[in-house]
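Presented below are the structures under discussion, each in the form of structure tokens.
Both complexes shown next keep chain A, but they swap its partner, so chain B is in the first and chain C is in the second.
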Partner chain A sequence: MVIRSEFTDLRRAQQALLDEVARHGYSESASFAIRLAVEEALNNAIKHGNAMDPDKRVTICYEVDERCTEVTVIDEGRGFDPKRIPDPTADENIEKPCGRGIMLMRAYMDDVQFLGGGNQVRLVKVNDRHGSRDASD
Partner chain B sequence: MKPDNEESLGLEVERHGRAAVVHVRGSVGLGEAAGLRKQLCDLCDAQCHPVVLDLEQMYFIASAGLGAMVEAHLKLRHHEGQLRLLKPQPSIRRLFETTRLTKLFPMYEDAGAALTA
Partner chain C sequence: MQQQEPRLSVSVEDGVSVVRFVDEKILDEMSISEIGRQLEALVNEASRPRMVLDFSGVSHMSSSALGMLITLHKHVREKDGDLRLASIQPEIYEVFVITRLNDVFRIHDAVSEALESLT
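Here is the complex of A and B:
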């Protein structure tokens, strides 16, 4: 799915994915985690990657089955080094209004990888109702 | 019970003298964070203290919504005000714990305690 760098398109894409997640019987907590992580990934892609440029697009690829959900979000920006993002839970950053998106993705998903120089993020969530599975399979 | 439309954001303000309770219903994602920010900003400008966010019927919040709350915390502090959280759902409580924002926002299960603490 390819969307414009606008929040209305974000909601439409997110809902299509969440409908699939619900159809496959994921738990409420897993659905919450996927919704949160995808929202953060799309927010980063639109705001930071594409800098809200209406001519730039965000590509969302996802695969949902009974065992796990895998989502890849790709923007048209120059990428970034995720290691250089400050820890938002550190005392000195706790009062900063921004900078929690990547930490939330990592906290709520089973696997998070930044690829392509940082302009792609791959998110994996195991369906805890289906039993354990190695996310790297 | 969850509201019929969990996606939309509902904000209802109840004043108790200088204090304010904001009943939040639905979701605070990217599309809704600006609405929460404006409401909190208005209460900050009115120098309310404390501002209690009733989260019993809020089922989702993303970093944009958390950011709006941190901004309100910083503004309220100028006049020794405080933002307090009332009855967050377990998933929302976990999110505040994960981000360590519990350090900024005290949580209460009782409205009276939230208003008078």
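Here is the complex of A and C:
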């Protein structure tokens, strides 16, 4: 799915994904995690990646089955080095109003990888209702 | 200019503004910006703002919403006021814990408790 760098498009794309997640019977906590992480990834892509440029697009690829959800968000920005993002929980940053999105993605998803120079993020969430024996498959 | 819908429900108890969010999901950038504007208006109209934010109706929040709360907190403190957060659902409270913002904000289990702490 390819969307414009606009928040109305973000909402529509996110809802389509969440409908799939609901259809596959994910737990409430897993659905909460996916909604939050995808919100942060799409916000970052639109605001920071594409700098709200209406001519730039965000590509969202997702695959949902009963075991796991995998989402990749790609923007048309220059990318970034996630290692250089300051720790938002450090005393000197704790009262800064931004910089917590990546931390939340990492906290709520089972796997988060930045690819392609930082303009792609791949998010994976295992469906805990499906049983832990499948989590490492 | 288009009139914005109220995003907050505000009551005053013993001089303290108790603010309930109309939205269940505080995710959307435009909504967050408008909620922030309406909260800032409450801060600006008080000489020493005292405010309890009631999160009982909020089921989802993004990092942008956290940022808006941090900015609000700063402005309340600049006016020598007090800000309390209350009735945060466990899933949302976890977001505050992960980001260590539970150390920054005074958070109470219930609005009544938050009001007691201000009187």
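Couple of notes before you dig in:
In this text, the second predicted complex is superposed on the first by the 132 of 137 C-alpha atoms of A that agree within 3 Å, B and C clash if a C-alpha of one lies under 4 Å from a C-alpha of the other, contacts with A are read in each partner's own complex, and residues count from 1 in each chain.
The criterion applied here is as follows: a residue touches a chain if its C-beta (ideal position, glycine included) is under 8 Å from a C-beta of that chain, and two chains touch if they have at least 3 such contacts.
Because the structure is predicted, anything quoted here is derived from the model rather than measured.
If you put the two complexes together on chain A, you find that chain B and chain C bump into each other.
In the superposed model, A:88 lies in contact with both chain B and chain C. When the shared chain is aligned, chain B and chain C each come close enough to touch A:101. Chain A uses residues 7, 11, 29, 32, 35-36, 39-40, 43, 88-89, 94-98, 100-101, 103-104, 107 to touch chain B in one structure and chain C in the other.
Residues 27-30, 60, 62-64, 66-68, 70-71, 73-74, 91, 95, 98-101, 103-104 of chain C are the ones touching chain A in the complex. Every residue of chain A that touches chain C in the complex is listed here, in rising order: 7, 11, 29, 32, 35-36, 39-40, 43, 47, 88-89, 94-101, 103-104, 107. If you check the complex, the residues on chain B that touch chain A are 7, 29-31, 60, 62-64, 66-68, 70-71, 73-74, 91, 95, 98-101, 103-104. Residues of chain A touching chain B in their complex: 7-8, 10-11, 28-29, 32, 35-36, 39-40, 42-43, 88-89, 94-98, 100-101, 103-104, 107-108.
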